[in-house]
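Each in structure tokens, the structures are laid out below.
Each of the next two complexes has subunit A plus one more chain, namely subunit B in the first and subunit C in the second.
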Partner chain A sequence: VFALSPVDATALPAPSARSLQSFEALKNMLDGRASNSAVDRLSYARDMWPLALLWIRQQKCPPPPDVVVWPTSEEEIVNIIQLARQQKLPVIPFGAGSGVCGGTWALRGGISLDLKKLDSISSVDPVSQTVTVGSGVMGETLERRLNAGGYTLGHFPSSIYTSTVGGWLAARSAGQLSSRYGKIEDMVVSARVVLGTGERAQSEVFSNNGPSQLPLWLGSEGTLCVFTQVCLRVFPKAEAQVFRAFEMKSVEVGLEAIRLMFREGLRPAVVRLYDPFDSALASNSHSKPEAESPAAMTRWALTKLRRHMAPHTLGHPVILNRLQKAFSKSRLILMFEGEPERSNDEEKAARAVCLQLGAVDLGQAPGKVWLKKRYDVSYRMSTIIDAGAFADAMEVAAPWSKVLAVYSAVRKAAAPFAFVLCHFSHAYVEGCSLYFSFLGAASNERESEVRYHRLWTHALSAALAAGGNVSHHHGVGIHKAEAFQRSLGAARPVLQALKRRCDPDGILNPHKLGLE
Partner chain B sequence: VFALSPVDATALPAPSARSLQSFEALKNMLDGRASNSAVDRLSYARDMWPLALLWIRQQKCPPPPDVVVWPTSEEEIVNIIQLARQQKLPVIPFGAGSGVCGGTWALRGGISLDLKKLDSISSVDPVSQTVTVGSGVMGETLERRLNAGGYTLGHFPSSIYTSTVGGWLAARSAGQLSSRYGKIEDMVVSARVVLGTGERAQSEVFSNNGPSQLPLWLGSEGTLCVFTQVCLRVFPKAEAQVFRAFEMKSVEVGLEAIRLMFREGLRPAVVRLYDPFDSALASNSHSKPEAESPAAMTRWALTKLRRHMAPHTLGHPVILNRLQKAFSKSRLILMFEGEPERSNDEEKAARAVCLQLGAVDLGQAPGKVWLKKRYDVSYRMSTIIDAGAFADAMEVAAPWSKVLAVYSAVRKAAAPFAFVLCHFSHAYVEGCSLYFSFLGAASNERESEVRYHRLWTHALSAALAAGGNVSHHHGVGIHKAEAFQRSLGAARPVLQALKRRCDPDGILNPHKLGLE
Partner chain C sequence: MKALFPTSVREWIEAQQFVSSLGLDERARALVCNDRLLLIQNLDLESMTVDVGSGVLLSALEKFLNEHDLSLGPLSPEAFQLKLGDFLEGPLAGLRSVPMGRVEPISARLLVVTHEGYSFETSRAPRSAAGPDLNALFLASHGAYGRIIEATVRVFPKPQSRDVMRFTADDRVVALSQLRRAISLGAYLARIDFVPQVKGVDFDVVVQGSSAQVAREARMLSRLLTARAETHNTGPLGETIGPEREVGWAEMADPQRWSGHRIGLGKILMSRANPSPEHKR
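Let's turn to the complex of A and B:
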């Protein structure tokens, strides 16, 4: 049990006595690569969970780790874990801190294990088409290195500048081209881990038989193991990218178009359907087409809303949400990539599906603009927070038969607490992900936090009740731990047994995923 | 520890005392659907592991179960497992008995749990494109039902007439079109299971977060749980099938062609490359083209060899294997399916890849003949056994960079013990499966069995040492249990912990996968 309350960021609590006892040993073990300075502890205290951002606005922060360490090898990680077991110190694997669910918060202090110095990148095996990398490699660094050799990983989360390969695996990341290349779990050929016991394990390349353990490590968010090295499948960099956007009559028709494309076997690299208000904002807020929903939302909120409406408008989101009824058209952005002729053929087939459903062809421009601005939204959070508001995104997935029910239920449940936009992406044969953007405010900090929590409680319950899942690609962390545990049902004790086996002392990232 | 030795099939050992004590309770629980008659026990004593077939030729068989039961519901399965826990009776989940690794052998007697009465098939959800079925549904029955509604599962193992959905999941089956539709594990949307504790569990639809447990049930071969209900992804039945075959200069060039196709993003539904002798047999043994390797091998062995060579020729396979050096050309069969225009485009692109590598176009006929005869081989085993020989297949997978090394190493290691053919199929971006066919004989039954075991010991060790995996789609059972356990490395104790949690009394399919 833990209390989800902040500490004073300007006067952090002292490191624990146990950590102080171990500090010299850690420093010796790591040739000095350990710190318990206030600035380091503060830097590693939070991730990008908006709750922490609300706290930081008040010069508060989540409980910090006692120590930050920077190992450079798997062996050093084994040594750190063995020391932590002896001293009963929590160990929190840390990538680049871009998580949005509190997955790296040091709720019981302990050691923040920064993995970024495990940054080796092998040359690409041109025959098997794989690359082997240290778990601390930064996303953008890897992609650029691959590009230089004519390859791509095909993984483009909007956090790509501030997230690591190990973080992607730990939280089951999805990139913007996942409909073609899969989620990160689909790209992993094999992985090496260190368990909470200090044992090392490696998954088999081509694990085609027996119960597969790799899917247990994936998504375990540091509670069962530390990723050290990963072998990933790579692809030749696409020769062509073919864009096309459409105005669909409604969300329903837009979803039907996506469903039919996947049913036909088409695999657009990008498929994004914006709900009507989001689409309207995108097409009206600028002279040139603008498609990135949360970016558009942000700009709109920070310019039009703040300038032309009362500052407390966001505090009464019901009115804003009602405005949405005036809009019905939904914008769909598609991009096919790969060999030029086949990409064109696929785009043609997708276009036929859309036009048959009465779509209006918007040409290539909206997609190209989207591509250019596709990461922007992830780097504007502080602007919103500075403006006194809060923003967050809730991404869930549902089978096609339940997508509309989830869409309606969440909009209704969230409406009293925040302004709500939604887009649909990460499509599959049997369903897709819904990405809700929330923007809210309240008259004071205390109210903001209460409202933020109520928003989430109501929105996530509504999504689950309507048939959505807990999370599509933002992970679980602390934020969704309770919902995740409930979703396990009878499989819950099996995961607990695994936790006990892999981490008998409960030192690995305590409380995350609801695991002790 | 168990002794791998047969019992007298004409005078089975009596059912155990414990099973006799429980027999009336089982009958009452199941409205009479339980039997301990000799004929039922004998029928469930074996699967299609050739070792059992060698025994049966001598009127011997593997140790039989004490009782066979036919539950009709998940609730009855829970009751059976609870009774079995009390009585410490093994429970062996049984589909349709087509396994080839001894996965359903009742090594310690107990209850053979036939699941075929869990045979419900829901109507297809046309929006989410899923079907929900009982785990005992027979493969061909499901496919025909789906076809009637315009759908396909896309799963075509050659055992399709004699295997169940639950069996597919338990052993991680791959069908002949897996390069397009995936292995069975890629088709499962969610599954319900009963654990060895009697607890029920269900995997989440869209499990996108946290450690995923479904991959633990998949491939567990009845050692952790019993599958009861499965939700599977379905596809519209393909409108078109486009065939093309080529003569490639060598195995090396053939493999390169497949690798380049997958690198380009092509996903042929069928891709099969036969090694030179196999190709020669296929094209020479008949006036019309014949492509199914083991079928051709069988016919050839049973006609030409038996008639024109000394009966003990197969007992000296080194000579036969040397003959292979006279052949170098390798036959490649491709089939694309789906929407007609795109299937044609894909075939054209694949053809360009092959022709650029100097392939000779053999037209559509070889592929069409393959399609017609594609299941035949699995139903000819008894003919070979009757003829006094033995046959088996070893399927492993390897990354592209190691496929040729595995091919050479296995041929060399197996050469003294059996005549060896090989084809390559089930391709992936990073590698493919190698399917070795072995045909051997010896002067007497005892020698045959010794030779069979030596063949496997040498062939599998060679495959593993060269970088192949334990099994691609035939599973583990008893046959590959030791190799499987070794392949786990440091992950072995984690699986053991899982076994203890899911099956604390060790009643579920003891010894299989090397788990107690």
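Let's turn to the complex of A and C:
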């Protein structure tokens, strides 16, 4: 950890001697597209892991890379990796830096490999309905290009404006419409990579030819390979979107409704069930209620509170979390899209499921509002950090029979350290993802960081013990590396063997996923 | 040939150790078989999963599931003749089609024993972003890195209803293009049978599920495809003739009669098929 001013990058540690020896070679190899300037190294030192944001607030910086390079082709990446192998320099693949787990932190310095210049986008093959893109293409650019031709990828992560296709693959990303279109791993037809050996490889499309390497590369977070090119499946752009929201009697009833919908073969593009407290905050009750029922009054008070949430409020999460007991109703937002008649058909069937479970129909408005503001929440984090508090999100997945146990266990484990909200999304026939939002604060920066770490240790352990997994779509990085390794159990040697095969010198993104 | 039939992970590891201790010649003639890994347990009706030993025949598993109003879903005829382990480890890779033109393994969690003699299991979570999917080392691997002892199998509700609809097109290219569009818009097809005609092509499409689900699929297909005059429940389909092989849609422009299962947007499991009684007439 290095002390520095947010505007003064000169306090960074000097680049390593080995990187300095290689710097000229890199520059020559890349026609000058290499830099070891303090500003560039500082820019690539962090991703969006909230811990980094806490550090920056304290004028500390995560360890920076020694060099940043901008290759434009697969061949240049091969050359960089070969040089890195000779010089024993770490190579950290870098997309757009929107990860939230420290996946691009340069823990041992080395070369930050910015892939954004691999930005080719082929035209859509109308027969196979696929598009082939460079791994550095930005998500929003790709979607816009596809839309112009009447297609969509169907992948809308919150980070779409600040993430690349290669980053999606490296961290097994999920978009907001995943319940219909799938996670990124469902969209990849094939991929080209450069391994840590410098070898190039391409995944097989058909299973006739033996095991597929693709699922081993996906989610490897730059520890096994560097993605260079990807062939993705695309869909016709939706002709219609049909919204419907419901107030469910409880979280339990809301989850049952989702489970029944998927069991019945319905595929809402959006399915989001907010827990009671999150529902209350989302209900936008700005004016004081006329009927002064305790729940209505508390909801109104909370709405006011939300606007004034400050470190001193979040510093007492136990009280805030206890307030949640005043609420029971959960809001469910559904959106169906695609062919108009089919969307209407499915919405009608979903509505029947919800009404049968005693839901109150809230109409289309909440869904439309959600769609309009769906990317906003990610950008609110900085205001919370600026206010002296911390915010983070933990997303795990569990089978339906364990979802409620995970929900209760994590809330209980996290309650002493942060204000806890949760929503359920990314549903499947056999389970769903639980997305916990944590808001916390402490009397000073040091205590804040201690509290942050204790929160995560307790919350993630509770999720695993109750039957959840380590991550549904944020990945592992260094943040969850220890929990991930623990969750692997006896499979650890298998992953290590895979690492040795793909990256025998251990140069690719060291320490991520807990791999040396 | 010396065959060993372990009934548990522990026995499997011991059997492997025993085989390893044999001389080279004897080892070549020794086999550890999954035939007695027959446990079906932990049926989770909420999560729609069940833990199944790799020696269980999929036809037997389907029968067991049917008794609980569940099903493996639309697998190909060849798959139903296999043991679970062979389906997962063999060329069919344990794959099944799911809505939106996707293809995914029927297994969530795998319990495996590696050749080095240690066992581990993967996660039961429906999806993950926690590192690489280690299941991929064992699916379609023909046992190259280890053997599957047990799998948590994802199941569907037993179909209450089934509809066979007959459509027609001027030529195969048009038919294929229409079908792919329907799938990419959400149509979930259990089987397609192509029947060449003197002029153009007929194709039977099978949809199954709850009554409401089948009605939804039928309405959608009627909007997107050109129906023959007699469209519904056209009678039994022709018997498929193996072997099944996974191909791209372009290969389905084959002029012969074929049947398609495991229907994904990118690929399809294809086998030859005899004409249905209806088409024979």
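Following the convention adopted for this analysis, the second predicted complex is superposed on the first by the 475 of 516 C-alpha atoms of A that agree within 3 Å, B and C clash if a C-alpha of one lies under 4 Å from a C-alpha of the other, contacts with A are read in each partner's own complex, and residues count from 1 in each chain.
We take it that a contact is a pair of C-beta atoms (placed from the backbone, for glycine too) under 8 Å apart; a residue touches a chain by one contact, two chains touch by 3 or more.
Bear in mind the structure is a predicted one, so any value in this text is a computation, not a measurement.
K.L.:
Following the superposition defined at the top, how do subunit B and subunit C come out on subunit A, clash or fit?
P.N.:
clash
K.L.:
First (subunit B), second (subunit C), both or neither: which does A:Lys183 touch?
P.N.:
Touch status of A:Lys183: both partners.
K.L.:
What is the contact status of A:Ser401 with respect to subunit B (first) and subunit C (second): first, second, both, or neither?
P.N.:
After superposition on chain A, A:Ser401 lies in contact with both partners, subunit B and subunit C.
K.L.:
Give one of first, second, both or neither to describe whether A:Asn444 is in contact with subunit B, with subunit C, with both, or with none.
P.N.:
neither
K.L.:
Once the shared chain is lined up, is A:Ser123 touching subunit B (first), subunit C (second), both, or neither of them?
P.N.:
Neither partner.
K.L.:
Determine, under the contact definition given at the top, whether A:Ser173 touches first (subunit B), second (subunit C), both, or neither.
P.N.:
Touch status of A:Ser173: second partner only.
K.L.:
For the superposed three-chain arrangement, which subunit B stretch in 98-106, 314-322 or 332-340 runs into subunit C?
P.N.:
332-340
K.L.:
Across the two complexes, what residues of subunit A are contacted by subunit B and by subunit C?
P.N.:
127-130, 172, 174, 183, 189, 205-208, 210-221, 224, 233, 235-236, 259, 263-265, 338-339, 341-342, 345-346, 349, 397-402, 429-431, 433, 469-473, 475-476, 480, 484, 487-491, 493-495, 498, 513
K.L.:
Across the complex, what residues on subunit C touch subunit A?
P.N.:
44, 46-49, 91-93, 95, 99-102, 104, 108, 114, 116, 118-142, 144-145, 154, 156-157, 177, 180-181, 184-186, 188, 209-210, 212-213, 216, 219-220, 223-224, 245-250, 265-267
K.L.:
Show which residues of subunit A lie in contact with subunit C when the two form their complex.
P.N.:
The touching residues are 127-130, 171-174, 180-183, 185-186, 189, 205-208, 210-221, 224, 233, 235-236, 259, 263-265, 267, 338-339, 341-342, 345-346, 349, 396-402, 426, 428-433, 467-476, 480, 484, 487-491, 493-495, 498, 513.
K.L.:
Note which residues of subunit B are touching subunit A in the complex, please.
P.N.:
That would be residues 125, 127-130, 172, 174, 183, 189, 195, 199-221, 224, 233, 235-236, 259, 263-265, 338-339, 341-342, 345-346, 349, 397-402, 429-431, 433, 469-473, 475-476, 480, 484, 487-491, 493-495, 497-498, 500-502, 513 of subunit B.
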